[in-house]
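To keep things simple, chains are lettered A, B and C as they appear, and every chain counts its residues starting from 1.
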Amino acid sequence: MEEKKDEVGFAEREEAIWARKSWESLSALRLRRPLIQCITNFVSMDFMANTLLAAGASPAMLHGLQEIPDFTPYVSGLCVNIGTLTADWVHSMKAAAAFCSQLGKPWVLDPVAVSASEFRMKACRELVGLRPSVIRGNPSEIIALSSASLGATKGVDSSDKSTDAVHAAKSLSQASGAIVAISGAIDIVTDGEQVIGIHNGVPMMQLITATRCAVTALIAAFVAASPSNIFVATAASLAIFGLAGELGMEKAGGPGSLRMHLIDSLHGLDEATILSRVHIHSLS
Amino acid sequence: MEEKKDEVGFAEREEAIWARKSWESLSALRLRRPLIQCITNFVSMDFMANTLLAAGASPAMLHGLQEIPDFTPYVSGLCVNIGTLTADWVHSMKAAAAFCSQLGKPWVLDPVAVSASEFRMKACRELVGLRPSVIRGNPSEIIALSSASLGATKGVDSSDKSTDAVHAAKSLSQASGAIVAISGAIDIVTDGEQVIGIHNGVPMMQLITATRCAVTALIAAFVAASPSNIFVATAASLAIFGLAGELGMEKAGGPGSLRMHLIDSLHGLDEATILSRVHIHSLS
Amino acid sequence: MEEKKDEVGFAEREEAIWARKSWESLSALRLRRPLIQCITNFVSMDFMANTLLAAGASPAMLHGLQEIPDFTPYVSGLCVNIGTLTADWVHSMKAAAAFCSQLGKPWVLDPVAVSASEFRMKACRELVGLRPSVIRGNPSEIIALSSASLGATKGVDSSDKSTDAVHAAKSLSQASGAIVAISGAIDIVTDGEQVIGIHNGVPMMQLITATRCAVTALIAAFVAASPSNIFVATAASLAIFGLAGELGMEKAGGPGSLRMHLIDSLHGLDEATILSRVHIHSLS
C-alpha cells in the first residue's frame, strides 16, 4: 500500500518535472528565436514554415548547393527531410549537414519513407554518417534505418510494433550518436539508454499532411534554442506539438480545421496549460 | 401525362442509382486506403495530399527518376499532373506511367494548361500514348488535347463551350482508350459512348488554387479502390468532391474558409448525405 | 490655428484621395482579371496563388525555361521571387523578365534574403538590370540591393532602420528605374522622388509564411491591371493587403486562422470599407 503510493507519487513528480522542462524549453525557443534552415520536401514547406513561426522560430527554406557555404554558418539549426528526394537535393543536404557537424550546430534528420528505394536508403545512411543530433521517424522507418546502419544485409520488414521499434531506436542511437525519436500513438525518445514516452497528441493529426515533417523541424528549433540538453528539447517539442494538436482538436470539425487550430494553439500556448497537460513518462 | 411521369420516375431512379454507386465507391476507398503516388505540380502538393488523406487514401509525393523502379510497383494508383513542368519531371512522369500501364495499375492524367507551350503539348501527347486510365481537364484542355491526339495540324482555338468539349472528349476517349472527364459548371464524364453530367460543386471552388488538381488525384484514389469500374469511380469522385464543396460553402465566408470546410466535409461525408445530395444524370 | 486646421484638412483630403485611388485600382484588377506568371519559391506558391485568386487575378505558376518563349508573351504581368533559388531557376527568371521588359509588360522583383549568398546577390543584380517595374523588399534587403546596385564594394550591414531604408530605396529607384517598396510596420513606396507611407496591416501577418511574397505577387496583379500608374497601383496593393489582414485579425485566434480570414477578407473587400480604412500619407 505504502509502496504503491510512493510509486504514484514518484510518477506524478516525474511528470511535473517533465512538464516544467517542456515549458522552459518553449520559453528558451521564444526568447532566442532560432533561425532554422529547412532542406525539406515540397509538400511540407508551407506547413513546416508556419509551424516554426507559430512556435517562435524563424524558418529559412534555402537549399541551393551554391549558397550553403555562405548561409549555413549563420543558422542556429538545420532540418533535413528526404520526402521528395532527387540527386541534386541529396548533395545540398549532405553539404549543409557536414557544415553543421563541423561547426557544432545541431541538425535533425527525418528519414521519410527510407525503405521506398535503394537510392533513398543510401542517401539516409550517408546522412546518418554526418552525425545528426536527432533522428525522428515512424516505427518502420526507424527499424529499417537501424537495421541498415548496423550492417544487416537485408532490411527488416516494415513493422509498426513499438516494442520492436524501441529496440531498433536504442541500437540506432548507440550506432549513430543521435537522439532517436519514434512517432506513434505514444511518441518515444531515447539516447540509447534512457527511454521516455510522450502521451500528447490526437489521431487526427495523421490526416493532415506533413504534421510529422513539421514536428521534426520543431525539434530542430527546440534543440537549437537549448543545445546543452538535446534529449529534453526533443521530448519537449514532441509533447508541445502534440498538446497543440489536442487543443486544436477541441475546436476542430475535421482535419482541415484541425490544421488551422493546431497552429493557433501552438502560437498561444501558455505556462499553465503546459504544466497541467504535458504527459511524459520514463519507460526504461 | 403518363409518359412525363415515367420520364420523371426514370430520372429519379437513375439519380438514386448513381448516388448509391457513389457511396459504394467512397466506402471502397475508405476500406482499401489506396496508396496513391502523385507526380504533380508544386502549387498543388499540400492541398492534394490533404484531399487524399481526408477522403481516406494515402498520398505519396515521390518523383525521383531513380526511385520509380523500386517504388511505383507498390502503389495502388498514380496521378500525373503537368502544372509546373520541366524536362526532368517529364522523364519521371513517363517512367511511372509506363510502369503502371505495364503492371495494370490505374493512372490518371491532368493535362494542366496543355496549350501553354509546344513542350507541354509534346509531353502530354507522349503521356496519352502511355494509356492513362482517366484524363481530366478543363474544356479548353480537353479540346486541345483531343485535337492534337487526332493528328490535327493546328490546335483548335481555346474554347469553354461544353458542347464542343463533349465531342472532343468522346473523340479523345476513343483515340486514347481513357475515360475522359471535363470540369465545368457541370462536370462531364465519357467513355467514348456514354456521357454523364455531374451537377455537384459550387463556383467558389475555382477561387481555391489546385482544387481541380486535387480532384484528379481523388479520381486516381477512387479508381484504385474500384479498378473494375473506372467509369463509375470517376463520376463518383467528381460528385463527392463537388458535394464536399457544397457542404463547405454552407459554412464558408470566402475562399479561404471554403478550402478548410471542404476538407472537413470530405472527411465527414456520410451515406445519408451522399444518397440525398449526389446529382448525376445521363446526357447521352 | 488656421494653419493647423488647413494641414489637418489637407491630410484628410490626401488620405481620402488615396483611399479612392485604392478602390479604383482594386476595381480595375477585378474587372481585368490579369494573368500573372509567378516564378517564385516553393514555400509561397500555394498562398500566393490563393491571394491572387481572392483578389480577382489569375495565377500561373509556370517556370520551365523551354516554355517561357511560348507562354510569357501572353501574360499580363510577372512576379519573380528568389526565395528558394537554384541556378536553373535563375535562367528561367532572367528569360521571363527579359521578355517582359522587351514587350513592355510589367514585372515585379522580390529580392528575398538577397544578402544570404554571393550567388543570390549576383542573380538579383542581373535581374535588376532587366528593368523590373517594381522592387519590393524588407528594409535590409532594399539596403543591401541598393548598395550593390550603386557599386559599393562591400554590402552595408543588415539594418531595419526605415530611415536608412528610405534613402536606399530612393537611390535604388533612381539607379534602376523601378518603383521601390519597403515592407515594415509602415510600408513605404518611392519613385525616387515622392515617398509615401502605408499604415495598413497588423504585426501577426509576419507570423504567416509567405505573406510578403504574396503581396509582391499582388503588386504585379495591380500593376498589370493599371499599367499607366505603377506608383499608385503599388501603394494600393500594399494598403489593400494590409487592410485584409486587419479585417482578418478581427476574427482570428492566431496565425493559422488569420491566414484564412485574410484570404476571405481580401475576396470580400468592398468600396465603403476601403474608403474608410485605407491609410496612405505622403512622407516626402
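Operating definition for what follows: a contact is a pair of C-beta atoms (placed from the backbone, for glycine too) under 8 Å apart; a residue touches a chain by one contact, two chains touch by 3 or more.
Remember, predicted model here, so these are calculated numbers, not experimental data.
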Q | Angle of rotation relating subunit A to subunit B [CA atoms, steps of 5 degrees] | A | 120
Q) At the interface of subunit A with subunit C, does the proportion of residue numbers present on both copies reach over half, so same, or stay under half, so different? A) different
Q. If you average the CA atoms of subunit A and of subunit C, how far apart do the two points sit, in angstrom?
A. 36
**Q.** Shared-contact residues (touching 2 or more other chains) in subunit B
**A.** 42, 46, 259-260
Q: Spell out the residues on subunit C that touch subunit B in their complex, using ranges where they run on.
A: 42, 45-46, 49-50, 53-54, 59-67, 69-71, 88, 259-268
Q) Within the complex, which stretch of subunit C touches subunit A? A) 41-43, 46-47, 83-87, 113, 116-120, 206-210, 252-257, 259-260
